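So, here come the structures, one by one.
Heads up, the next two complexes both have subunit A, just with different partners, subunit B and then subunit C.
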Partner chain A sequence: MLKYSLRRLLHSLVTLFMVLTLVFLLMRLLPVEGYYGERADKLTPAQKEAILRKMGLLDPWYVQLRNFYLQLLRGDLGVSVIYRANVPVKEILAAKIPYSVAFGLGALVLSLVAGLAMGIHMAQNKGLFWDKFWTWYVVFINAVPGAVYLLFIQLYGTSITGLPMLFDRYNVRSWILPLVSMSLSGIAANAMWLRRFMVDELNKDYIRLARAKGMSSRAIMVKHVLRNAFVPLANYLPASILFTISGSIYVESLYSIPGMGGLLVTAISRQDNPLVQALVLIYSSLGILGLFLGDVLMAILDPRIRLEKQGGAR
Partner chain B sequence: MRLARRVLPVLLLGALVLTGCKGAGPAPRKSGDVVGIYSGELTTINYLVTATTAEQSVAANCIDCLVEYDNLGILRPALATSWEVSPDGLTWTFHIRKGVKWLTYQGKEYAEVTAQDWVDAAKYILNPKNASQTADIVYRVIKNAEKYFNGEITDFNEVGVKAKDKYTLVYTLEKPVPYFLSMLTYCPFMPVNGKFLQEVGDKFGTDNEYLLYNGCYIFSVWEPHNQQVFVKNEKYWDAKNVHIPRLIFKFNQEAATLAPELFLRGEITGAGIPTDALDEWMKDPQKSKMVRPAETSFYTYFYAFNFNPKFPAEYEPENWKIAVNNLNFRKAIFHALDRRAALLTTDPYYPERMINNTITPKNFAAYGGKDFTQIGELAEISNRDSFNPELALQYRDKAKQELAGKVKFPVKVMMPYNTGSTSWTNRVQVVEQQLENLLGKDFIDIIPVGFPPTGFLNATRRAGNYALMECNWGPDYADPETYTDPFYPGSNYNWPEMAEGYLEPNGKTKYQNMVDEAKAEVIDIGRRYELFAKAEAFLINEAFVIPYSVGGGGYVATKLEPFTSPYAPFGVSSLKYKGQVVLDKPMSTEEYKAAYEKWLKDREAALQQEAAKAKK
Partner chain C sequence: MMTAKEKEVIQAIEEQELFTFAQYDPEAAERTGYSDYSYWRSTIRVFLRNKTAVFLLILMTSLVAFTFIQPYLPGQKDPIKIHIDPNTGLQLRNHPPDKEFWFGTNSIGQDLWARLWSGTRTSLLIAIIVGIWEIVFGTFVGAIWGYVRPLEAFLTEAYNVISNIPTTIILMLIAYILRPSFQTMIIAMCATGWLGMARFVRNQIVIIRDREYNLASRCLGTPTGRIIVKNLLPYLVSVMVMRVALSIPGTIGWEVFLTYIGLGLPLNIPSLGNLLNEGRRVMMAPALRYQLFFPAVVLSVITVSFYVLGNAFADASDPRNHF
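This part shows the complex of A and B:
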């Protein structure tokens, strides 16, 4: 396990270095006009040079890259140059991450509880009314763009229930609709996959054997089917928890939640290089860590999986 | 510029909706708070660096200038109580209002506002390390400022801004600038406290606590991507003319979509009504009483003929180059463009008010009580509609005759548009059909080409990648000269200096010589305006461009009172909430039109009064 972990760590560092360097170089390929702001047509060449110099963009790319890594080794994520000029990236993220994590974890718990319950209910009633009923929900959530139903939930949800339309961190009632909205797709996904895995399990020989041995349906469901069906889902759980940090782009923006949702897209479109690099570093690290923890969790849940032997699950 | 339109958060609603704000009556009027939502967060509130309208609106409400505009567009004293200008027009001496305090974001007194604050602001702006986006506005007029910015001189004492004593500020200019006073209403001429600047260093303007306040409001709470709260500065020198106690803005990325609903629920003070929802509002008996036209801006929109085509070979740039250099070809398109039809894509109810017959918009500048657009040859142009199908067909026939054998018909006309703008996407199709139907598909072939919003101008106009294109320009100071910049050599709009047949013996084009002559006239403002009017009339009559519309506009439902806030063609005065109140109910279109008519009359009378004063 230790050997495997160290090997994965080494691979991860190499991957991280490649991703960061690639993104760094790609950002330098963007047109410089993007750094000039609204008065781009009116700035003098001297002003344009001053702007680029302040952002450190007049140095050769390898000098910029070296400076970036040296800064990173000191634990400094740099200073935002456009998104919030001169504000340390750490400060920007520190103000946003708690919101996204709070909403993300809340929504994750909701989607797990409701999604697993729905999945079990569907599997138990395979081909019957409730299976079809929940399938309709799953299809609806996957087929209709989120922007449509989330906007409806906001407009009609607030007018029917009297809940606030905009988020206010001091008002607990304003948390309800965003949490529900964020969990809807998770519920559908969890229910769909759990149903599928459970139905697969139900068709296996060992279940027939268990039935033949006289085990109750409830015991079969809980002790065998659910546990085995949950293993593939568990693989994605650590990554899902870690990625709550990235926030929900649409729901956060809809309810005015000052979280991380959409920050990377905004930072890229505004060409705020230090912020982009910091976000890529965080997201890449979390992605790699999430996959690793997923493998470990699977190994714990299913002793048949041996990480060292096969060099990992992936 | 594109950003300005895109970003326009509902935060700026007040600015858009209710341009202006001079306190009318001496007694404070009762008003509730302004509550709004906005979709574009501020990136900085460092007013000495930023050039973004939304960010400058913070400064407009929190920092005062030497002078400010009143609600009729007349310059009045603000932090300067009076001023004198030397006979040669080079030295301007301002007497600073005594007892005005710099306050912290918590409302605590920090220091007194003194003349040195303007010197410190200039020193900051002219330091290239601070990368001010408005530095050029200062160094184009102040003596030695450009040399200091470029490092040619290092002693700031040689720069033409000095604090003669605590309350006397002296600006020395490179050359006489007739519109210098108007420039002083813009951010780069705002004061800053030097001691505070030194204390906070690079953090200046990064948060509300890293700014000092001397204007009508204090930025008391700023939670980025959550909310902004401004409270009235009770110690403000003109506090009796500030009626709204608090300005509260909540962030919402979908502000434009949600605002109308929030307004109907009474949760916000005002909302822009999107064009696609306008029909529903206009047809609803209740809602129609709440919606009215929004103010237009001084952005000028025009269709530019490109004399330096750099578009791909498939659109036949060489063929276009020959065609566009034919005056009758340009005039055919000039008179064939039905601007009203095109503007219906933006404003289906009242498009006429957006139409602009000149490059310089109406009510931008006036001399001797006469609006600039009514001076000389411009008067005829501004009082007519350029759309004239008969004339268009006559010019088309002449062009066909003159270009026969020289160009390949139909001439391909590549028209780029921004796919991020629904109205532009619709409009380019309207223009295509309308022009081709009138002039004939055998004469021109309009080819709309969509480009994504990111890097749109770099990929199109600035690269010369168009034949005919909708362009815009915003003024930098209150003088008609500012509207000549896009057409002057060195610009990247439509390169009229490359048009054939306009070179004069001195090697410059006729237009350039006309503009140079106008620019050189800095003493006789009447003559200066006549010369600029003549140059602009030439540009239009020779069909280098097709004046199209003004910016802003649209429709709003708002309780904010219009026509009481500062009215300014330039600077940040028009972004102020000073003088405004929140009404009990929104104005209807009829009420708004009546108020607008009254305002027009008041402004005309005020201009006449100013002209009479100037004569004395």
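This part shows the complex of A and C:
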């Protein structure tokens, strides 16, 4: 287990290194005009060159890449150059992450509670009305782009219930709609997977045996089906907890929440390279770490799973 | 080696005792080894049993057909022409739906009905092009990844790297590097879309590549390309169709996303994302909400239909559901 973890950690570092390098090189392809901001027309060529030089963009790319990694090894994420000039990236992130984590964790709890309840309800009524009813919910949320239904939730959620339209951290009522909006897709995903795993489990022979020996349906559901069906679901759990940090671009922009999702869009559109690099670093590490913790959690929950012999695409 | 004695014995036995001709009975020959099972016929039969899917298939086909013949119908307006109010001589802004403008006009006086179908056409076209690319390139990479072992480690690493960069970041970077346009949109989505397909095909191929008939082919010296095309890919046709049906709502969703953050198609090319964004701008005025409502309904019907059809086809194409 320990040996496996170490090997996998090492491999993750290599992947992370390649991700960062790839994004770094892609960013050097961005149009140069983007770096001048709104004053582009008024700048003299000398001023433009000074701006580029200050950002270190005139060096050859391998020098830039080396500087970037040397800085990173010192634990320094750099200084924002355009979004909030000369403010350390760490400071910017520190102000944003609490909002995304608060909303993300709230939405995660909501989607677990509601999603698991929905999934169990569907599995118990397999093929009956409620199964079909909730299936339509899952299909709708999975198929229709978030922008569409989130807009309507904001539009009618505020006009019917009188809840505030914009987020205000001191007003608890303004947290309700964004939280609900963020949890909708999680509810759908949890319900769909739990239903599928439970139905798979219900078709197995040992369930028939349990029934034959006179175990009650309720006990079968709780002791056998749910417990076994929860194992593959637990695989995704760490990843979704970690991803709460990354925030939701739609919901954050609709309700003006100062979180991480909006930051990513702004950072790329204003071409604030150090900020984008830092965000890519965070997102990719979260993704890699989430997959790893998911596998570990699954191995802990289910003693039949061994991690040592595992290869292939993750 | 046969001893002399054995030879003698065998020669002693008469030929008739060693060999007897079987009677050929045509009826008995027919009785075994015959089944009227046909994969595609069964798939269609199971699919047709799903009433919802059949209904959505009809709805979908008519909607798509209508989208493409709409400009040739009589009395249709140009989607980018700005209409002028004859009384005031100004742009016919935010004109509510009536007999002349079925779905009303938008905030600069363009006919929403024409724009809606033109936008659906654009979005579907993008989704279909990306879907085809996904099949062709995704299958190609997936087949090589799963079958050609020397390349396996390299492709797995490449997949790990690309799939660990959030799709939003790749899409946004490509859109900025190439400047927003129709081609950019397609290139950006093609750059990320094939990943899921490649992984899917690869996993399927790993499952079936070592079955006996493939082993036999390899022993007989069949070239790799031929094994992939003749032995492996036919197994995957149905799942590939399904993946494309499911990728269409996804591509439309990314188009809406890119438009939402300001990297969509130019405003003179209507698309579902553009229309939704226009509707969003005026949604605070209840009288103008039709501008948000119509695109949202068409978008929902299209994405839900493709999603349900993809899943229904997946169920129908699974041989375990054929009996």
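The rule is simple: the second predicted complex is superposed on the first by the 303 of 314 C-alpha atoms of A that agree within 3 Å, B and C clash if a C-alpha of one lies under 4 Å from a C-alpha of the other, contacts with A are read in each partner's own complex, and residues count from 1 in each chain.
Note that in this section contacts are C-beta pairs under 8 Å (C-beta built on N, C-alpha and C of every residue); 3 or more make two chains touch, one makes a residue touch a chain.
Quick caveat: nothing in here was measured; it's all calculated off a predicted structure.
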{"item": "Simultaneous placement of subunit C and subunit B on subunit A, clash or fit", "value": "clash"}
{"item": "Contacts of A:Pro258 with subunit B and subunit C, given as first, second, both or neither", "value": "first"}
{"item": "Partner chain in contact with A:Leu151 - subunit B first, subunit C second, else both or neither", "value": "both"}
{"item": "Contacts of A:Leu166 with subunit B and subunit C, given as first, second, both or neither", "value": "first"}
{"item": "Subunit B versus subunit C as contact partner of A:Ile120, first or second or both or neither", "value": "neither"}
{"item": "Partner chain(s) touched by A:Gly34 [first = subunit B, second = subunit C, both, neither]", "value": "both"}
{"item": "Contacts of A:Ser269 with subunit B and subunit C, given as first, second, both or neither", "value": "both"}
{"item": "First, second, both or neither for A:Asn86, with subunit B first and subunit C second", "value": "first"}
{"item": "Subunit B versus subunit C as contact partner of A:Arg53, first or second or both or neither", "value": "first"}
{"item": "On subunit A, positions contacted by subunit B and by subunit C", "value": "31, 34, 151, 155, 253, 269"}
{"item": "Residues on subunit C engaged by subunit A in the complex (per definition of touch)", "value": "156-157, 159-162, 164-166, 168-169, 172-173, 176-177, 179, 199, 202-203, 206, 249, 252-253, 256-257, 260-262, 276, 280, 283, 289, 292, 296, 299-300, 303-304, 306-308, 311"}
{"item": "Interface residues, subunit A side, partner subunit C - complex", "value": "15-16, 18-19, 22-23, 26-27, 29-31, 34, 139-140, 142-148, 151-152, 155, 246, 249-250, 253, 264-265, 268-269, 271, 276, 279-280, 283-284, 287-288, 312-314"}
{"item": "Subunit A residues within the subunit B interface of the complex", "value": "31, 33-34, 36-44, 46-47, 49-51, 53-54, 82-87, 92, 95-96, 151, 154-155, 159, 165-167, 169, 252-256, 258-259, 262, 269-270"}
{"item": "Partner subunit A, residues of subunit B touching it in the complex", "value": "1, 3-4, 37, 41, 43-44, 46, 49-53, 128-136, 149-150, 202-203, 205-207, 223-226, 250-254, 257-258, 261-262, 265, 267, 454-455, 457-458, 462, 476, 485-486, 491-492"}
